[in-house]
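Please go over the structures that come below.
Next come two complexes, and both contain chain A; in the first it sits with chain B, in the second with chain C.
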Partner chain A sequence: MLTFIFRRGRKVNLSVLRVILAEMRKNYKQFFFTYYTVFWVLILPLGNGLLYYFMYLPFKKTNISFEWLGNALNMDVTGFILIGQLLYAFFMSNLVAGAIFDREREQGTFEMMLLSPANRLAILLGNTFGASIRYLWLMIGTLFFFSFSFNVGIQINDFAAVFLSLLLSFLALLAFGLSLAAFSIQSRRGGLIAIACQEPVAYVSGVVVPQNAIPQTLAQTGYLIPLAIGLIALRLSLLGGALLQDILFLLGSLLIMIVVYVVLAHFLIKFAEKNAKKKGTLALF
Partner chain B sequence: MRHFLRVMKSTAKASLISQWRFFRWGGMGLRLFPPLLNLGVAWALYNNMFKGATSTDFVVATNSSDYFSFVLVGSIFYVYIVSSLFGLGRAMFWERAQGTIEALFLSPMNHVAYMLGIAAAAFITSTVDVLLLFFLGNVLGFRVQHIDAILLISGVLLMIFALFGLGLIVNAITLTFRDRVNTANTLMTVLLVFSGIVCPIAMMPGWAQIIGKTVPFTYGLDILRASLIYKSEFANVLSNIAGIMALASLYVVIGVILLERIKKNSRKKAQLTVL
Partner chain C sequence: MDVGIVMEDIVCKDLTRIYESSKRKWVVGEKTIKSVIAVDRLNLEVKEGELFGLLGPNGAGKTTTVKMLCTLLLPTSGYAEVRGLDVVKNANQVRRIVNMVAGGERMIYYRLTGRENLEYFSELYDVPKQKIKSRVSSLLELVGLKDRADDEVEKYSKGMKQRLQIARGLVNDPQVLFLDEPTIGLDVDIAKDIRQFVRKRLVDEQGKTVLLTTHYMAEAEEICDRVGFLFKGKLVALGTPSELSRMLGKFITLELIVQGATEQAVKELSTFGDIEVVSVENVEYMEASALKIILHVTSDELTPQTVMRFEKFGAKVVSLNVRKPNLEDAYIHLSKRQES
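What follows is the complex of A and B.
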């Protein structure tokens, strides 16, 4: 886990943890107190939440029939949308943070970064962690505020189920974000791809309407994205009062996704580096 | 006048050439995905989830129970909002980024004509997107109930007039505050939520209705829908036309004043090219 470089004749420790912390710090310094953060973590989720809530107003029912793995549950629209927006906003913050290599390329510091002996995966991880922390306070605050103000109908029967749903959803989304970021190194349009992904991902993952209401081919594609599985697990444990054993299959799927996407990210970064050395065009626009 | 029109025409031509010569699928996706998501959600809710069971309030507010067509018209208009905010609203920001803004301000042309040219190009490109959406909407079940051509054309023109005013204001903000996306993104979210694109204004909570009534597009959308989907009373159409004309004129006046202020400030502070 430890890498060393020599600086002025001294050995300098560049452990993975230090790289992660440094990247987190950089992310915090660059983005925390900016309008950019306010937009992504406050205005957009709130605006989208209102928009999708308004989309349900023209219909007779205020309940959503939510189906998963052959089971069905009736859920209040507000809670359904609130959970959807909160997890989606977290996904978006990861996705946007994942375009870090694109930004480095724009700033002309990409080659420097690759010349340093810092672990590439740690750089990405630090960045996405930074984005997550920027966002987490909002997620917790909003959840409490809306739960008490709008009578969202939180029904928790098993705190372990809620905690594990949250934790594994976050980690799986983090791993997915890493893969997307690693994928975007191969292209010169990382930021563009990240932003263009928003709506298709939201649709197939059941952020706004449950998967049982969209065409099944699209819904099945959505199950490859941790957002879809995480949303089902969270909605069931937070709004449906599901117990741990009820959502074990979903949690297991999230766990598998974490492993698969981290390994994928690792290989994609290696592939990009190999190509960069071969072609020498990585820093070019 | 001839000079004004020539500036407008040549700016529109140059802008169109650069838009289509460097065509990017990603860029098109950025423009089309948000309205497509709205359409996809509306389609799933209306056809699959609630099986066409819209509430009585909705039928009363729109004289129709067809929610999908209601959202389609709104989404089409949304394409024009995006092009106004991100195309026209950042026209001078990109001139600065490309290092050509000083030349732009040094040239003896009329800058309102220049902005009109940019707007014309942006709206022409958007019309291509709108046609695509119309085609897709028809496949998914959009049905024009009746066409009131005069109302449709006047509605579209009034909307474009209002969007031009909004674009001028956003252009001033992005240029002055060196802001690339935040202003445009925020305004886009506000307009999408409160203009009645996905839900009739009358069905929204009171506070949301107040915000909606200060936005000219709320009136414009009602005119467009009255020309395509549902029949509206003459008095209602007239009040909508008066509402959009008053607010759009206000936006354009504010926009032109801000444009003049930018020119004045650029001479005074000499910071126009500083990023």
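What follows is the complex of A and C.
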């Protein structure tokens, strides 16, 4: 992914990848500025995983009825919720990434980013990716650790299905996060929006309650968010023993979402930058 | 004979910026829109390799002008170009050849080291990878931060942060540099170092075009080739510092320290047509309170008369300094004229 720009007849190679990596490095250095942060990042997900497990342990003997395309599956409640909470935590990391720009705007560095000729989408991607990759440990490490240690009803028949569900969910949520980050540039209320979105998104995406148990209009709204589709794919492949061909439709939907949200982010950031420069709201807070 | 062609690096034609803010009473109430003209039909040309000072009080439109020129703000109307590139249509090309440094302690990452900050911004400007290390090191040396390069910025003093900001503004080796109040809040000696650095290293040695905004008149007088006075978004005077100082023409400046003067006495002075009261401030002189009064008089023959006028009101002139008007006098004179 390289952009070529001409300057005084000379071809200049502006590497989008370099901007993404620079943003990620900056994010990391800012986040892990003391060793304590590294410690807490490693420890907290374990604590969260334990919390989710024991919170729903009293319902252990109750199976949850999960319906998908007319098939009803009985799933272990703790496993169902553990997967829901973990992917939701990852989704939250993307929401937080959007709010990062609020802080950048306050400290004046946001203007300096936009003063440079760097690709705007690359800046967004680096920020979102940098913030969300920290949660990969939470998502994958904790999920597998607790799944196998506490017997939460894991039933895997196709590892490719699990891997692709995880990968595409991750990328789709990342793309969704990009759009949110671009929107947050426009609104200057990224943090507030992030907080306001938490509970409704968790509900319509079926984080703790299966979507067949919530009003269908709300459930259908949830399908616009990659969290809901990703959760179905992950639950089916991890707890329902689904094969790759069983979830192809879901994986295809996630793939489409990745494209749609990246394109949306691209236009949103252009619009947001132009609008902010028109209104003079890049630095004012 | 070698005749160099001097080009204009910055051109503004009727450049205007209006800020609009809307407020609604409650949620569904009537919406009121308030417009503020920050920059009003500004016409300006800055030559290649020139250090140009844009002066004016707070809210005069200096920062807004700089932001429009470095593509951070869209003009409401008018036109501006940097090195022949339209700041709106060719914004991306403009961003490659300009940079901006603002006063204060913002615009850098406190949790990163000085070196990491510069490396990060070099990446954003697509500085060739093999050049980043050497350029960052030389910039750190240039601004005197080589020994503290690997310390986190949060451990830097105010002056060090400002010097790092200047280094950040140079990572892309810009041809045109905008300095927006770069010495604001700095100690006198650090501010002087920065002024000398800008004049000698950036302009004289490297030939960069610098547009400096400031409300410190002495700063502009010391280093600028030309200055422009901006009041309420309008450019009201333009010239070299000495040209503008001479603008007061026949006036001479009297600096008096007066004890026992009342406000009435000062007011009385301003009723005389040949005396203009420029400023009055409370000071302490020989452990007693006094007024420092700056006056413009049309002739030095009026000096003894002025002293006598004070004495008539029972006040005592304890110090008197007669000098030629400087840029600050011209600025105050113009601002008073604009306000009236």
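Keep this in mind: the second predicted complex is superposed on the first by the 241 of 285 C-alpha atoms of A that agree within 3 Å, B and C clash if a C-alpha of one lies under 4 Å from a C-alpha of the other, contacts with A are read in each partner's own complex, and residues count from 1 in each chain.
What we mean here is this: contacts are C-beta pairs under 8 Å (C-beta built on N, C-alpha and C of every residue); 3 or more make two chains touch, one makes a residue touch a chain.
All of these numbers come straight from a predicted model, not from anything done at the bench.
Applying the stated contact rule after C-alpha superposition, one finds that A:M113 touches chain C and leaves chain B untouched.
Judged by the touch definition given at the top, the superposed model places A:K29 against chain C, while chain B stays out of reach. Applying the stated contact rule after C-alpha superposition, one finds that A:P200 touches chain B and leaves chain C untouched.
Those residues of chain A whose C-beta lies close enough to touch chain B in the complex are 35-36, 39, 43-44, 47-48, 50-52, 54-61, 64-65, 189, 192-193, 195-196, 198-200, 202-203, 208-210, 212-214. Against chain A, the residues of chain C that register as touching in their complex are 17, 19-20, 64, 67, 70-74, 92-93, 95-96, 99-100, 102, 104, 106-112, 116, 119-121, 123-126, 129, 152, 168, 172. Residues of chain B that touch chain A in their complex: 24, 26-27, 29-30, 33-34, 36-38, 40-42, 44-45, 48-50, 53-55, 57-58, 67, 70-71, 179, 182, 185-186, 189-190, 192-193, 198-200, 203-204, 208.
Those residues of chain A whose C-beta lies close enough to touch chain C in the complex are 5, 7, 12-15, 18-19, 21-22, 25-26, 29-30, 33, 107-109, 111-118, 123, 274, 277-280, 282-283.
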